[in-house]
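One chain, chain A, links the two complexes that follow: it is found with chain B in the first and with chain C in the second.
Up next is the complex of A and B:
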């Protein structure tokens, strides 16, 4: 089943369209009229011949021809009949309305699921905001852009059961300048669920990495299969909420789906090598880390295509790196100690500097540099010193935590270029922690352009590296 | 032993003063000349009769009278002789110079400790930046303010073994607009250590809360005694780094002190009821949370003083709250689930809404509100709804997590006033998570003024509440 009727429809009926942006049906109509591509928009409203300058239809029966996507914003008790009317000529329906399982109305939800199934309609929702596709501008959200700013276009897909978490994600992505490809808020998941969406995203060309928030899974076996398949092609990072009793009860009242035993879920994810976030911040940091890596690989694919080596493009993406040997390279002792503590908590090892390299490094540095791991360049450390260490030790570690506190004069934004060169040569993950002064901010920007993500604390930097090493 | 010679000296000799701000001895002299209060500054330099417009002394022997604080910025091998020259007429010496135990020169460090002891001098350092006192402007740091901006004056004292962490703390405090009272970076701690500083801060009137970063403790028994005594008077939050083998090795090469077994340390802190941070971010969040509470209590004390009830002022501050029953009140389901997960991880309970309150609340709210815990006002929730719930349930919980996603129209900055009124009446901790749009930012500012701290994710908000409940 291909969900392009949902994510890339050629025609959209909006049942419950309104002339007023004070109503949900008006907000969504306004969004749809902002589309970047030519898509037939068919507002349905019995009272107005046109809405916002677009011809309206008094009922769905008046619409000629096939409808790819029907968006339904009508009170819950009306939805079943509307779906029955769309049977046979609609590929996909998005039910925005609430008032189903999450409000104790499981019967109503079963009824609309059955109506959709019998009518050959794939159903998203109910109780959801639907889809935002940055490539086409498709936007079914009931919150206008001035209340919920959409992030820039980019390579990260969002799959979320919760609208609140969607708004947190959008805020976080905007703040860190991450770009979104497709966003899907699927709510109660009466039919279409995370597994369907994962399957679609496997082959979505605009999506380089996927972040997924979920509280519950209906078919655990199918979920794991789809998550594994997606994760083998693109970075996938999952935040499973509703871990404890209170969280599970909250998740149930929120989407009407039961959150299963978390321990089982967690151990299967680990076993399948699927990346899991500890909490919301970890999800955002992981997304930033994985998206910078994805970019590099996406470029590899583009180049392969340009040079005609199309076979390479079709190859399954191999999981990257490998191993867990980390070098922490710092210009501040305490920051290095904090990073080391987090390496330990994350199960990353910090092997000592190989003795074959020690003599050579000792000759190049003043005696007060700390030639351990963390490797401490002290406040005297310069960009050149970072280069010296990385050139000497680049082969001996699987990932590199670079701490460059910018309060000292040795650190300039030029360090980004040094790290970029090293990363290209070594082809191993490099993550950065620096200061928040002007020098630090400029370094962060330059490093980001070079595919090296930065994080606000030493520990968050290590956690992000762990995600890169485990994908 | 009172350390006011260190934190509030009346006279300061600067051995190694320089005319150039390109040298450490010039940076510190410039800092000292910015002092807000009249303190005798006595630069020592054999080559210049005056430095930066201030009379200089060719040697320490030329200085008449007693010296409260001697700052020494000379190469390590010279320091012992300098201390011997100061014997008998100097209360305290701050040795900024590195090149002692952290560089394998334990003998040199023992020699200066003995010289100080025999000369009746308390010694801070070596290998440290010393003291910043926002009340007087005393500033011995070797980094100029344009490289390391000092935070505003305020109630938080910083006690740190690491200079790198000090710079992280200053950045973080500046960003979240937290104010600092006294900052002490004590480095190798040959003599003065965290225990001495804790003891001083117990009675420092400008300090309302203390955050402390440490890697190692020399005298564990004394440390616990002083930490407990301080913590009984003021909020104290400790980040112990060097928890694992790699971290401990790094801590040793960094300050030359051995980091002990973390598990023992952790269990004793817990047993003594001393607040511990998980990582750097947790330390910053905890500081923000505890400082807002401290402010409230500091005002209570001021009022008590004004009304003449001085007895109250002298009473030992009692540890605040109590109990771990948390209400999560949200307008976004998923954000509430994330908060619940963190409550579980932090050992906080979320009892259901008492049945005696349920009927009353049901009558006041639409049927789709989720009357559980989390209490879900949905995207329809308004400031008035928050008030209704808090008035009804304020007595039934020990702490309140308020989640007010600002992408919906019901949330305005006026919510801060509602929370402030409630907090004053209930006298229980309230913490906030909101959005980062303009409405959210204004709400954060207004709430902060009202003594209600905000945090960037639901989970961090819960962790901060846990600190408030455990202090």
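Up next is the complex of A and C:
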């Protein structure tokens, strides 16, 4: 079933709306009243005829017509009755309230699930913050924007089981200037879960890449099917938390004792070629790397559409076609070695410089440059030298790690232009590690615009390239 | 969640099932325990077709580790030894009988298993045997059933993969047979009738492989009943 009632509703009832922004029902109402697009907002509150200048309804029974989305912020024991009252005329209900399965009240959760099902209502939550859609401004979060600033509009969708991780992601994305499309925190997942949301995001035009935080999935088979389908259309990175769970304690067999929940999860993600982040930082870096590539792809899709080659849009991407042959091009020996170490850990190879190129490169460079892989331009390397190497070797490798320590005079922001031109020509992933000084910062900004992500350590830079190559 | 109350197949029954599914098991025979002490002639008659060297194992549902309980005799070369071993192992408390098999040595030990995962349902597992699984937990899983191609990918995902390719002058193992074993176990798991299964060890050779020990835990359900203990009498075992 289509979840546009959840992500793009035309009418929203807010059961438990409040006049005060010190109450959750007031925070959400204030968010809804900020909406850019015209959406019917229907606050429900028995005490006030209007809230924040908007007509309020004393009860849900007073609301006429169909409700696309009903947001419920009322104590857990009341929710079932509210859902029964919404039955038959509501497409989707978002239960923000806590106090269900997460608090040991599985019975209450079953009751609201059944009530929603019988009433023909899709249910998001309970115990969740719901949805943020940057395209429309739809924002059901109980955290006020002045306390948790929303990131800019962009191409990354977030699907998370945890609200705390969501706020960490928002902070991180704001800091690194990444943009979100749709964000969904689905909480206890009594009905709508990660798989439903993946399915929606497959065809969401604003979403170019998806990052997802999971602790568990209810139906692993369905999850794999949807994750696979989504990742065939858009990059998907999953961070699975709770890795430490031991083997199934009561197991009879050797196999059972070896089968920790995470081991199985990890294996099956690998089996299906789904990209997995190792930890939070890895998830953020992966998101940054993919977000810088997204624009180009969206443009490609637009162009394809314009020229009428719609088939291209449907084409499944080839995961392994990008290869794993990496050139590390550096102006600092140690940073290059650290990058090489990480290449090895990530299963990336660093083939030597082809002998056919070696002679011509030798003629162009002083004898103390290290013509290996890492290719070491030393502290004397200049932007021009980077250009020379990339022109010579651009066809010989699948991905490029550029290390440009910016404390030396040879490195200027102009390097970004060189890298940009190269990336356009070669159409292969390029990642950058540079310094934190002013030149470095400028380089980072300029490179980012050119679709080249930068990271603060050589290892993180390589991991980001691995994600770009494996997508 | 985990209650085993159905009849759990014993080693020879598990092997018979696996053999019926096309998995290679050592040539062998099950000798059922009887009230009367088994005669020398009967032992030799029943085991005579296998050929020395032999391995003798107690079949005793009550004990978990046969070797720790002294229930295994290996590399038996003479008639006298085999009669003695069969009689001794019959005496182990709770023993239902003994399994006499051809002695298989020198292979690369692997483990192929399956279980019902709480989130993913039936899955199949592959790992190298012994220290690789015990200490390093170097195993990998895949959804069951798997295709032969997927089975090869599962094999390639373990860290100790190079051991299978042949190290220190050893020949590579028979990947085709190993893959077939994984596919068969995965199909068995996909029936949904098996709770857990271990082929441990599966002994791998440059050509072929043998399931040296197998444990199958049937789901507590009536509809999957293995043939009972009445193994075909005779000397051919279940090959």
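The working rule: the second predicted complex is superposed on the first by the 440 of 471 C-alpha atoms of A that agree within 3 Å, B and C clash if a C-alpha of one lies under 4 Å from a C-alpha of the other, contacts with A are read in each partner's own complex, and residues count from 1 in each chain.
Simple rule for what comes next: a contact is a pair of C-beta atoms (placed from the backbone, for glycine too) under 8 Å apart; a residue touches a chain by one contact, two chains touch by 3 or more.
Just so it is clear, the structure is predicted and the values come from calculations on it, not from any experiment.
Participant: Which partner does A:153 reach: the first (chain B), the second (chain C), both, or neither?
Facilitator: A:153: touches no partner chain.
Participant: Have a look at where A:33 lands relative to chain B and chain C in the superposition and call it first, second, both or neither.
Facilitator: Once the two structures are laid over each other on A, A:33 reaches no partner at all.
Participant: Between chain B and chain C, whom does A:255 touch in the aligned arrangement: first, second, both, or neither?
Facilitator: Touch partners of A:255: chain B and chain C.
Participant: Of the two partner chains, chain B (first) and chain C (second), which one does A:162 touch, if any: first, second, both, or neither?
Facilitator: first
Participant: When the two structures are overlaid on chain A, which partner does A:87 contact: first (chain B), second (chain C), both, or neither?
Facilitator: So A:87 meets neither chain B nor chain C here.
Participant: Output check: A:361 vs chain B and chain C. Expected answer is one of first, second, both, neither. What do you get?
Facilitator: It touches nothing on chain B or chain C.
Participant: On chain A, which partner touches more residues: chain B or chain C?
Facilitator: Of chain B and chain C, the partner in contact with more residues of chain A is B.
Participant: Name the contact category of A:213: first (chain B only), second (chain C only), both, or neither.
Facilitator: Touch status of A:213: first partner only.
Participant: Touching chain B in one complex and chain C in the other: list those residues of chain A.
Facilitator: Touching chain B in the first complex and chain C in the second, residues 250-251, 253-255 of chain A appear in both lists.
Participant: Any idea which chain B residues touch chain A in the complex?
Facilitator: 98-99, 103, 143, 147-149, 160-168, 171, 175, 213, 215, 241-247, 249-251, 253-255, 279-281, 328, 330-338, 340-345, 350, 367-368, 370, 372-374, 376, 378-379, 405, 407-409, 435-437, 456-460
Participant: Name, in rising order, each residue of chain A that touches chain C in their complex.
Facilitator: Its residues touching chain C are 216-221, 223-224, 248, 250-256, 258-259, 261, 263-265, 267-268, 270-271.
Participant: Going by the contact rule at the top, pick out the chain C residues touching chain A in the complex.
Facilitator: Its residues touching chain A are 1-2, 4, 111, 113-115, 117-121, 123, 125, 127, 133, 137, 139-143, 150, 153-154, 157, 195-198, 200, 215, 217.
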